[in-house]
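Listed after this line are the structures, all set down as structure tokens.
Both complexes below contain chain A, partnered by chain B and then by chain C.
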Partner chain A sequence: MTGYILRRLAQLLPVTLLASLAIWAMIYAVPGGPVGAMVGENATPEQIQAVTERLGLDRPVLVQYGAWLGKALQGDLGLSLQNRQPVMELILERVPATVQLGIAAILIGLLIGVPIAILSALHPGSRLDRALSAWSALALGIPTFWLGILLILLFAVELRWLPSASTYVSIFESPGRAIMSLLMPAFTLGVYVSGIFARFLRASLIGELHADYVRTARAKGLPERDVVGRHVLRNALLPFITIVGLMLASFIGGALVTEAVFTYPGLGRLLIQAISTRDYPLIQGAILFILVIYVVINLLVDVAYAWVDPRIEYG
Partner chain B sequence: MAEPLLSIRGLEVTFRGAGRPVPAVRGIDLDVAADEVLGIVGESGSGKSVTSLAMTGLLPGTAEVRGSIRIGGVEVTGAAPEVLRHMRGRDVGMIFQDPTTSLNPVLPIGRQVTEGQVAHGLLRTAEAPGRAVELLAEVDIPDPAGRALQFPHQFSGGMRQRAVIAMAMAGRPRLIIADEPTTALDVTVQAQVLALLRRRQAATGAAVILITHDLGVIAETADRVAVMYAGKIVEAAPVAEIFARPRHPYTVGLLKSLPRLDQEARRLVPIQGQPPTPGAIPSGCSFHPRCPIGAARERCRSEEPVLRAAGPSGVAACHFTHEVEALLAATPEANAAVSTPRAAPAEPLLVVDGLRVHFPIRRGLLRRQTGLVRAVDGVSLEVRAGETLGLVGESGCGKTTTGRAIMGLIKASGGSITFAGQDITRLDAAGLRAVRRHVQYVFQDPYASLNPIRTVEEIVAEPLHIHGVYDAMGGAGRVARLFDLVGLSRTMLGRYPREFSGGQRQRVGIARALALEPRLLILDEPVAALDVSIQAQTVNLLMDLQAELGLAYLFIAHDLSVVRHISDRVAVMYLGRIVEEGTRDELYARPVHPYTQSLLSAVPVPEPGVSGRRIVLEGDIPNPASPPSGCAFHPRCYRATARCAEEAPAFVPYPGLATRVACHHAGPLTADELPAAPAANEALA
Partner chain C sequence: MSASQRPALVAARRVLARKGAFMAASFLALMAIVAFLAPWILPGDPLTQNLRHALEPPSAAFWFGADELGRDILTRVVYGARTSLVTAMGAVTIAGLIGVPIGLVAGFYGGWRDAVLMRLVDVILALPGILFAMALIAVIGRSQLAALVAVGITGIPSFARITRAQVLSLRRRDFVIAVDALGGSASHLMFKTILPNSWSPILVQVVILAAVAILLEAALAFLGVGIPPPTPSWGEMLRTGKSYLYEAPYYAVLPGLVLTLTILSLDTLGRTLATVLEHRQGSTGEPEPEGQRL
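Right, the complex of A and B next:
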């Protein structure tokens, strides 16, 4: 098991390195390069010269990358241009909020999507199936900013049940308030992702329902709820793990629009702020951090597979 | 007599989908008594599996069932789902065809064996694990306590089917329905599983319905036989009667189209045409378009015959039952090609010498090579121009890998492959391509090996385009002539594979292989996926083509009867090596390797009462990643001595025969090696 995880990590290393190179090189694509980005458009040549030397930008490119990567590995992603705080600190500040929102959104998505998938897979082609498929299409089709605004209008402005701007409250400190502030942004994301979950799981379930082992289970005289619950669902959930993992990674990587609509203090909003103020070290740091999140969640998905499916060996 | 255990009257099953209703079963009557084995024979689409699913209420919702099915006095048709569920697993146990797919891959075997009983409230959850071990022990699974916790992928095919049998028997059902229970298994494993099934049936006194296309299995196992065609029973009789004096032309057709191990070479007599699809059943007698008696008769075309008493205790549905006997005696036209051993030409076309194909096993962080799968481990064979070499063996023995290595589709790890005097293992890509013009491959599965989005004309023309000789070899005219050659109508050229039946698709595959005028065809199980009557048509076509075009065949198959029918010489493979090779007649009449002897003895012969004496090999084929020491066959061999475990035997000529064999103790089978007939029956009971 440990060996398996180590091997998977070793396989991910080249990908991560390559991506980090691209992220680092990004700053050279900016007009004026990294120095231009720091000093602005109206800087004098002397200022530019001074900053170039201070940042070591006169060194060979690979040396610069090596220095940046070396620091990044130690958790030093540089200072934010805006407020001179360490980038790493700024990111870590936002992580709990983002993780909390991501997990809440996934849970709501599963809560809506899985029952829809099961109901429509058990009666494919029926009116119920068509109605539920329409829900999935709607869930995927509604832009999240629009649904978010509608929710705010209804629950915050009209009914005044929920706060319009979400703040981060840890679920471990004050569960009630945390849920209140999470409800709308998590629901907005959850609705969207429930459409994806319902579609994938429905297709996977329909495939499994035609499998021979299902006929065997019925021939044993198992009640239908055991046939579906014990036999079909377990097999259908295997490919589904990948989708759930990917969606979780994408939410933690930043639910940009939703966080903006609800002014939720997550990683997504941090990234948007960084982009709008051209805070390049912060952009680089945030993207690198998101990359690492993707890699780690993918690894967790693979480990979960090997754990759930007895046919996969930790070879 | 009391009411039979199972009684079916006027059963009709119609599928109502989006289009026209499709009748799958069109009115059948059946009775099965306790302790009786009823065999149901039929080709695909005859309605035999639908009948079995109707008995247990497992048909999909689109099926409409009419008539009466009574099991143990309880009416099944129209019963509430809960009543049917209580019947399944308790009164009726089912065994399905493919044990690989019929077990759930993510649940432990032991749990799958007992969960039905738990669901029925016949077993407490706490007692289930112990009961699972008992049940697995009853079906001879070694180390049942350890095995009960394992998953299906850790079982071999034969063990999986034993587990399925244990599952079906768990509730001591009064009726067992076995749908093609051994079709997916190798012949030596089939023998084990059939013996087990008979033993458990005898122990429980259950009634058995055995559904199969294999007349050999029926002859050995069934007490009574029902033959189904186009959704109806066309003949039913005790097993001895139906094989000795069939009363329906279709039964005669099935028997005559079957290549047999126990008969001298004769041309197979296929049934003409295709089995009807359930949506388009001919008028009158549904068999009349294919029937030698009824094809031209007005009565057969217009009037549907009913089942009438025929023979001492059978029934048949034919207007002209009295003419069937003459049909059975009729011999096929004499001028047709029959496989007779030919005088060998001096020059072999293909010489394979010491061929090895090893696949590395990689493990660990750095993917270090930790072992080798010796898929092919020193195979030597020769195919001469115009002759057929049959390569037989059970699954996993390396026969397909050998074929693919000869084709250059897999790289050889060692040894040489010489085609027409040229060593092709040393050729570069261009050289290999030039050789491939002369060596072509026909694949097993005619459904998967044709590209579904291209017309058959494009499929057959593709090799011509690849080699840039489309115009040079006659273009569209060449493709049309290939269609004539394999017996397909030119009007079908523009159609897509899905519009063809299995037999027709295999003809397309053969036409594609012949497009480049090859000298050698590698035929990898070309008839294994086809129905008996279609199989005979294809085998005859292959033999005619060989006679006409002077082709050499390497015929790879697991079916010893088909191999015997088509081959001039035969090589038997076991675990990556050839253990015995000889002329067809010598090898089948006087096998000297114990493995060949057991293989031949395991084949069920379609002749009731003939095969009582049988060597049933223990265990399964070992894993080629860790083959046994010395002779790879020694752990399963009845002649094995200490020497066999240490020293691998050389592949050398056997004195007095034109046979080569790899065995320290080669020699004809002696009387005391065969279990005596009564003893065998005792072992089976």
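Right, the complex of A and C next:
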């Protein structure tokens, strides 16, 4: 097991390093280079001199990258150009909001998607199955940002039940308000998750329902509820873990867009603001941060898969 | 057996025989025709401003209302289709022209070439597509070309991976070994023998990626980093429409609806195509093709 994790790390590490190199190097491609990015293109020679010295731009390129990476590994991502705050602080401030949105969306996706998957897998080809399949096609196809706008039109503009812009309220401090402000964004993002569950868990369940052990369980008189709940669902979740890995990229992208729709103060909004104000250290920091999170979750998915399924060899 | 016209026609007929795929293809064809003929069939142009009609609700003159500058929303949606189609075609072309040769070479030679090329491709996958595109646009600036190139680059990995998998499975087939034994050069084997027999999964990928490209372009515009105004773009219209939800609730409805129908149609077409072609060629056991969503 340890060997397997180490081998996966050995595969992921070079890619992650290369990606970090690209993120670091992006500042050199900006018009005016790193100095221009820091002080603007109309800087005085003194300013340019000062920035060059402060950033150590007179050193060899690889030394600069090494220094940047070394600092980043210690959590020092530099200062934001906008308000001179440490980039890491700005990022960590936003993390709880995004995590709360993500978890709420996954819960909503599970609540809608799993029953749909089970219902349609039990009656494949039926009218119900086809109707539910239409839901998953729609859920996977509808752009998050349009769905969000429609929800705002209905629940905020028309019915006036919910606020059109969401603020971040910690669920631990004020659960009621947190749920109210999370309802629309979490549903918007959760619909996509429900589509993933409905489509892929259904396929994986149907595969399992034909297995011999299901016939045995039925033959010995086990109630259908136990056959599905205790046996089939567990086994069907195995191949499904890979799907969770595959949906991760869409989920992160969807979260980014959802935050923009509801002006929700998460990591995605921070990045978009950074891009519009050309706050390069913040852009680099936020992208590097998401890269690391993404790689770590991908690794966890792999490990979870190997751990749950003893048939996978990781020797 | 090369990619002659006949199997393509048979496949097309089988795809269109299914109701969902037929409806999807009809919608896409209609949209493409209207977008192409827009200057001749629409009375106005998408950039003409008329502030007296700003945010006017739907009427005989403005079927879907007017935007904040008094421009006809329907006209802009139709011209937005042009933007989307151009982005989709451009991005898929970029992704295919780079991704397919990478997959061919990686799969054909294996070894260090395979390792290096596929690790480079993995770097693109190290970030969700939209983030990669945003990072690129943050560097090269915001323009129509930037959006197109950024979206295109994010599509490279799927072409490279699909082509590589196809090469690996064809490499040991008798007809490839025969050409190899007869002294066919590496490039002849790759481009004349293997590639013509790999078109079906690549074609499916083209359709799937077209949907991803249109969605990604719209999302970038929605976030304010895509194609800059005043070029009509569905994403940009949704972005502006969102600021006028109370004054003009109809604003964001039409662009979003057309965008969603386009994505759903391409999805349906891609999935049907995959099913039809797989039945013909035998399933590869690969999971269903699925593009990144937003």
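Here is the rule we go by: the second predicted complex is superposed on the first by the 265 of 315 C-alpha atoms of A that agree within 3 Å, B and C clash if a C-alpha of one lies under 4 Å from a C-alpha of the other, contacts with A are read in each partner's own complex, and residues count from 1 in each chain.
One rule holds for everything that comes next: a residue touches a chain if its C-beta (ideal position, glycine included) is under 8 Å from a C-beta of that chain, and two chains touch if they have at least 3 such contacts.
None of the values given here were measured: they were computed from a predicted structure.
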item: Chain A residues touched - chain C or chain B, whichever exceeds; value: C
item: Which superposed partner A:P45 touches (first chain B, second chain C, both, neither); value: neither
item: First (chain B), second (chain C), both or neither touched by A:I152; value: second
item: First, second, both or neither for A:I252, with chain B first and chain C second; value: second
item: Which of chain B and chain C A:P60 touches, first, second, both or neither; value: neither
item: First, second, both or neither for A:G176, with chain B first and chain C second; value: neither
item: First (chain B), second (chain C), both or neither touched by A:T144; value: second
item: First (chain B), second (chain C), both or neither touched by A:Y213; value: first
item: Common interface positions of chain A, toward chain B and toward chain C; value: none
item: Residues of chain C defined as touching chain A within the complex; value: 119-120, 122-123, 125-131, 134-135, 137-141, 215, 218-219, 222-225, 235, 238, 241-242, 245-246, 249, 252-253, 256-257, 259-260, 263-264, 267-268, 287, 290, 292-294
item: Chain B - residues contacting chain A, complex; value: 56, 58, 85-90, 92-94, 96, 98, 101-107, 115-116, 119-120, 151, 153, 164, 167-168, 171, 363-365
item: Chain A to chain C touching residues, read off their complex; value: 14-16, 18-19, 22-23, 26, 29-31, 137-138, 140-146, 149-150, 152-153, 156-158, 164, 192, 242-243, 246, 248-250, 252-254, 256-257, 260-261, 271-272, 275-276, 278, 280, 283, 287, 290-291, 294-295
item: Complex interface listing, chain A residues touching chain B; value: 3, 6-7, 10, 211-213, 215-223, 226, 230-231, 234-235, 238, 308-311, 315
